[in-house]
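The next block holds one structure in the form of structure tokens; read it before the comments.
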Amino acid sequence: MRIERDVIYIFIATLFLMVAIPWAAGQLSEDIFFEWPFFFEVAIGGLLAGVMYSLVALGFVLIFKASGVFNFAQGAMVLFSALTLVGLNELGLPMWLAVIVTLIVMLVLAIVIERVVLRPLVNQEHIILFMATIGITYFLDGFGQTLWGSEVKILDLGIPSEPGFYFGGAILINDFDLVAALIAGVLVVSLALFFQYTRIGRALRAVADDHQAALSVGIPLKHIWVIVWAVAGIVALVAGIMWGSKLGVQFSLALIALKALPVLILGGFTSVPGAIIGGLIIGAGEKLAEVFIAPLIGGGIEDWFAYMLALAFLVFRPQGLFGEKIIERV
Amino acid sequence: MHERTLGDVVLEVRNISLSFGAMRVLNDISFDVRQGEIRSIIGPNGAGKSSMLNVINGFYHPQEGTITYRGETRHQMKVHKAAEQGIARTFQNIALFKGMTTLDNIMTGRNLKIKSNMLLQAIYWGKAQKEEIEHRKKVEEIIDFLEIQAIRKTPVGRLPYGMQKRVELGRALAAEPDILLLDEPMAGMNVEEKEDMSRFVLDINDEFGTTIILIEHDMGVVMDLSDRVVVLDYGLQLADGPPDEVRSNQAVIDAYLGVSH
Amino acid sequence: MIYREAGEFKASYREDMAILPIRQDRWFMWALMAVAFLVIPSIASEYWLGTIMLPFLILALAALGLNVLTGYAGQLSLGTGGFMATGAFAAYKLATAFPELHIIVVILLAGLITAGVGILFGIPSLRIKGFYLAVATLASQFFLIWMFNKFGWFTNYSSSGVISAPPMTAFGDFFVTGPHATPVAKYLFALTLVVFFAMMTKNLVRSNIGREWMAVRDMDIAAEIIGIKMLPTKLKAFAYSSFLCGIAGALWAFVHTGSVEPLAFDVNRSFQILFMIIIGGLGSIMGAFLGSAFIVLLPILLTNAPHLFGLNIPVDIISHIEFMVFGALILFFLIVEPHGLARLWQITKEKLRLWPFPY
Amino acid sequence: MKLTKMKTTIIAAAVIAGSLAGAATAFAADSQFIGSLVYRTGPYAPGGIPWADGFADYINLLNERDGGINGVRLDLEECDTAYNTDKGVECYERLKNNGATGMPAVMPLSTGITYALLDRVVADKIPLITSGYGRADAADGRIFPYVFVPPATYWGGADIAINYIATQEGGYGKLKGKKIALVYHDSAYGKEPINTLQALADQHGFKLSKFPVPHPGLEQKATWLKIGRQLRPDYVLMWGWGVMNATAIKEAAAVGFPREKFIGVWWSGNDADMIPAGKAAVGYKSLQFNGVGSDFGVHKQIKKELYDKGKGSAKSAGNTGEVAYNRGLQSALILTEALRAAMNQYGNKPVTGEQVAWALDRLSITEERLKEIGADGLFDPIELSCVDHLGKGRAKVTQWDGKQWETISDWIEPNSEMLRAMYEASAAQYAKEKGIMPRPCG
Amino acid sequence: MTDSSKSFLQVNNIEVIYDHVILVLKGVSLEVPEGGIVALLGANGAGKSTTLKAISNLLGAERGDVTKGSIEYKGEVVDSLNPSDLVKRGVVQVMEGRHCFEHLSIEENLLTGAYTRKDGRKAIARDMQLVYDYFPRLHERRSSQAGYTSGGEQQMCAIGRALMAKPDMILLDEPSMGLAPQLVEEIFEIVRKLNQNEGVSFLLAEQNTNVALRYSDYGYIMENGRVVMEGNAKELSENEDVKEFYLGISTEGRKSFRDVKHYRRRKRWLT
């Protein structure tokens, strides 16, 4: 992978700003408490939280890459998979079996989506497919809740929620965050390898480039889409487990998609590493901003700050951090 | 072969070099275009012909060299500026506005000549309406000229390729340009369609006195229509001169023509 | 043979360039207007006027605004809610600061203020395109809502951050906001504005500026090369679009609900309006109305449907099924006609024209 | 394809025709219609479901046991709002004219819907009862003749919370120099207590720090790092909602903030919010304007009359002790007591909203009455008047033990004098903006 | 070409409708014999590409339907197969405008061509070498991203990619489009070589009637969705109408484009 020069520049500039602005704010305003260990604690907490965003963003990237669909239903898939898992578990299935059954359900879901939605809408504009995924969102939200109810459900991974350990004696790090980051990391690396080095992975990339050409060389689009959506379903399940164990499995899980969008524009819709780096930048950026800038302007800025940060990046790289540079031709 | 006397130089391309990153697209290209002539640029695919047109109308910014247009020398300019100066063009891969009708497409070609402001247009009464109708008349003349009356209200996305090429020419003509840049106007056409297109090109040149810069692969067309020909080969300028001279140039034959035509 | 334009000849360009060149369409439109202005107010129940027609009209106006931006100028936006909120809060500030202002003036000024805000947030569109732009406009959505929530000035320092519309009249005793406004009055007021702006929009999109917008949408590079300036063209689209959205927001706060908190214009509102124009048809005035009807009416019909058929189903199940059916219907209509209800309408007309011959 | 198309068209046509014909459902002319706006779906469903069950169970109990109120059967219809304002308004408009006399009162169960209905209820003459939410200043019945806010307001809640902290610390005098943080849902609802808390902070000399959490509040790491690792306040108050509550408690645990010093308002005290937080929630405290648990007479009767016969609304009788369930019971109780009073005045037949408003203006649910119902200790008595649409406004403090809430205080009375002045000032500003003349009382 | 029992690919009177409304092909019939090169000629919009896509079953992706007629390949009706099955049976289309996978390297592009094959890595590697033998330029550029190669290289890549599927028959759409004259000849030479050495049959749609007729055995001329004329390549190139309207040669020899008349002789066939 060839990282372009300006990506590195932007990255360094961001890192610099992320350190400089809190520090300056701490010097300028008495409302802001600035101390290096605390700064690092916030930054690390943000990075680990960012990984959780990446997990959701990843699902978007996979589907967008392979089928050109901006899958609005990713959030609904997170909810649906988590609901199914917990619902099965409550029915008395052991956890491992529930996971397997849920994976099968996600595969079936992928097959159904391919048959009912993607196949009839093949070759339509992005926006139409986007709208179709909104149809899927509504359907899944309704379907999942009809099956499993709207009550909140518990998903306990047994990771303690009390303070974790103190890194270097002063920086508090949370066990749960660490585990989540680890799982996300493993997932990402295996996906990257899968895409780069397998026959299916190559076919996936081919489909991402040109549907029609892929068809013409005999790559069966429907299989590929089923695979991609199923993989996205697995990613959704992992995200659902991690977020569900944090928030409880309930309707609100579907809303975490909104937290993944800035990550997505920052990293580029088509880049797996972008989703990761984007998540880290957004996670750390919004936490640092909330802690060290927000007190100056009233607080609660986390949400729009993430988007503004992404917007600022876009002004320099309209294709996202790792998106491909567009040379316009006529 | 016909003989024509050429006018003054209107456009001068001097020592243009253009690269994208490490890729050198144009390398020290210089030629001029005279008033009222048909000037062709030929060369193999990837020779930089389209890039040359993009440089002329300000879409690409060359790293080196200048362009002098009617005495005004420039290095860089805003893209829409070229249109304001009377340079119109068509595109290699048709760049029509696919969701709009033929009529609307050609009407957009007149956008620089429409003066009513947004509020007047919103009310669509009096001046704005009169202006619309005036421009419509002009556009209808072009439609008649190109013989595309029947497809006036068809969305261009649904038109066959050859028709789209004509509509695109119409859109460029609507601006009443001094210089018309045509990028492969006859690619993918059969002889019959090429003849039609040739006739339009000649008529535009004759009747409106429009200067034409033409990129074309069909050597028959190029040799028959052009007054002078520039040959590019992978960013280098291979030859420049009247068709007959270029045709017999050994370097051109080796790099491009293969067998002599 | 009912729908034929055969036998209609147009002798001048003026006739050919009329809004509705086909006679039957004109009749249809007049009939529709008559129904909207005369029949509906006299026969529709309060429930229909106040809870269905009013939101339908106001959201159709917002959808019209977004359709100018997205459908005509090709700039995908998810900031509609934020712009509607801007309109609502601007109208509130104006109406409370200058109580003597007429409601039309208040609403128009609110629209203009929103247009200014729209221009500001439209600037990134010069560099950013497609879904990237859509997500980027979410920045404006979140920022605006946060701003109205955060600064007490916008709400005249009300403890909860909620704004309430003062009672205002369109003329005489004809109240259109406040507790004394009747649903009929509110409906007629909103309808008049919506029809007026729909006409204006139609004029714009068939004029030069409309063609410039579509050119930018269809192929921005070519548009620029033929002399269309990106900056003013895109910003005009943002300005006009947010102007309409602002007016819709002001109407929503003043005429429809009377009191709103910023969350009424949260990101779900933006998505709702976007759904409307996609389902209705991008780049179509009619589409904005059809889409609004679909998104506003369908859930209500679905909720009421089991009741009408005498089925007694628990509300949560109805809600869930409503979600499922709604999602399935979106898919169904997209598959039948990906370019929206307006296109479906168009095709029906075309088929009608060819009828009884298949091609 | 053709066939499906035709089918859809037919069904769509039928649906449209049907709804155009109007809601033709027949209502018995001699039964009292009750419309209930609930949210059994959507992001807040976990908190909405038990409330709806409690409300429905109490109405059904009256029907099953007494044949309704004064012999008038109650005809309950739910409408699902999904906590969405647009849907809520639609529900209200659809239900308001149902039954013989229309909807006797509306309980929108959402601050957003409450605001959207403020104008409408005045025009429709239907009382709007917002128990523990909505506009606190509607306690002033002169300016809000159709809005009723028993049994408590957020402003009162804020005062009670400080009062409780003061008793914990050993008197208001000890509050000086203390640090109290408020974590709130960044919306109309969450901002309600700020003015009151600020006034109290000025009065008692503690320092109030505010931490808004953007909706929906899935991520609060930054907020809690600020609170738990930097500010380290003596107490944290929370005005949270839905998934925000559980997240806040988990993050509090993650930074090691003692849950015993973490006090939520009643909407941050649902069982449904504690469950996902798991062990982290143990020790967390919450205000409640109703008692907790199901050891009350009314619960036993509900079990006997409904659940034992398979007619209960909730999943099982075991769910009937949840606080949200009890809140639903309480709302039903307030409404039905008002209906009873209205019927006593206007005759034993279905009553109108205006008549119910009359009854609410002089509603009196005494300790004795509560005993009769089997709800003594569960609810606080309520006395309303034309001027006072709130009542005592008392609340208790409860603590989560990992499985259920334990009551750890008696009813705490807010500082009514100070609050009354604030209600009136705020109501006056509203009246000015809306051009409302206060109605004469008494 | 009259003995249909020997025919390899046979298209019988097909009708194609786009979007349920637009009738594009109005009864097209044609045949390709085993080992033949057949040219499908005609103006833009005549329906050549649609015919090819109808055969390779790529129409579905563009909301087109074959509503009448049938397509047989090696005696089997293939209308309802999906493109992938057809590739497995040995029919591959090279689409108009190349359609290389821009972000994949040339080599990866070629490998995707072998997606449907199950005969192992060795066989695929062998065929890859074969493709490189035919197109040495691809070998030179095998690790560059296809998006960064020239138009000619992309056309070679597309043909090479099709070869990787080990086809018996290639449907080649507009190979000459937008290519310099020299390259056009080069590509057609390779087509001929593939035909002779590997026994691949070709059905090619071409605007460039001149070149196409030189390299093919048989030709069909399409106009407005119909076949209006067919015959041996030689016959066609000597036909007066074809000469005038497709080759630009009138009886007096090739005329200059400068002398185009504003009116012209009528064709003897009707569309």
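A, B, C, D and E are the chain letters, set down in written order, and residue numbers restart from 1 in every chain.
Here, a contact is a pair of C-beta atoms (placed from the backbone, for glycine too) under 8 Å apart; a residue touches a chain by one contact, two chains touch by 3 or more.
What you are looking at is a predicted structure, and each value in this text was computed from that prediction instead of being measured.
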item	value
Mutual neighbours - chains that touch chain A and chain B alike	C, E
Of all other chains, the one whose Cα centre sits farthest from chain B	D
Interface with more contacting C-beta pairs, comparing A-E to A-C	A-C
Approximate Å spacing (C-alpha centroids) for the pair chain C, chain E	48
Distance from chain D to chain C - Cα centre to Cα centre, in angstrom	34
Centroid spacing, where centroids are CA-atom means, of chain D and chain E in whole angstrom	72
Of all residues in chain B, the ones touching two or more other chains	59, 91-92, 95
Set of chain E residues in contact with two or more other chains	none
Where chain A touches two or more other chains at once, by residue number	145, 150, 298-300, 303, 330
Touch list for chain B against partner chain C, complex	57, 59, 78-80, 82-84, 88-89, 91, 95-100, 104, 107-112, 114, 116, 118, 121-124, 128-129, 132-133, 136-137, 140, 171-172, 175
Residue ranges of chain D touching chain C (in the complex, touch as defined)	5, 8, 15-16, 18-19, 22-25, 38, 40-42, 45, 49, 78-80, 82, 85-87, 89-90, 93-94, 97, 111-112, 115-116, 118-120, 122-123, 135-137, 186-189, 191-192, 194-195, 212, 214-215, 426, 429-430, 433-435
Complex interface listing, chain B residues touching chain E	2, 23, 43-46, 92, 158, 160-163, 184, 187-196, 198-199, 202, 217, 219-221, 224-225, 256-259, 261
Sites on chain C touched by chain D in the complex	45-47, 50-52, 55, 96, 142, 146, 149-150, 156, 158-162, 164, 166-167, 178-180, 257-264, 266, 299-305, 307-310, 314-316, 318-320, 323, 332, 336
Of all residues in chain A, those that touch chain D in their complex	33, 38, 41-42, 45-46, 49, 145, 150-152, 154, 156, 161-164, 172, 174, 176, 243, 246-252, 254-256, 259, 286-291, 294, 298-300, 302-303
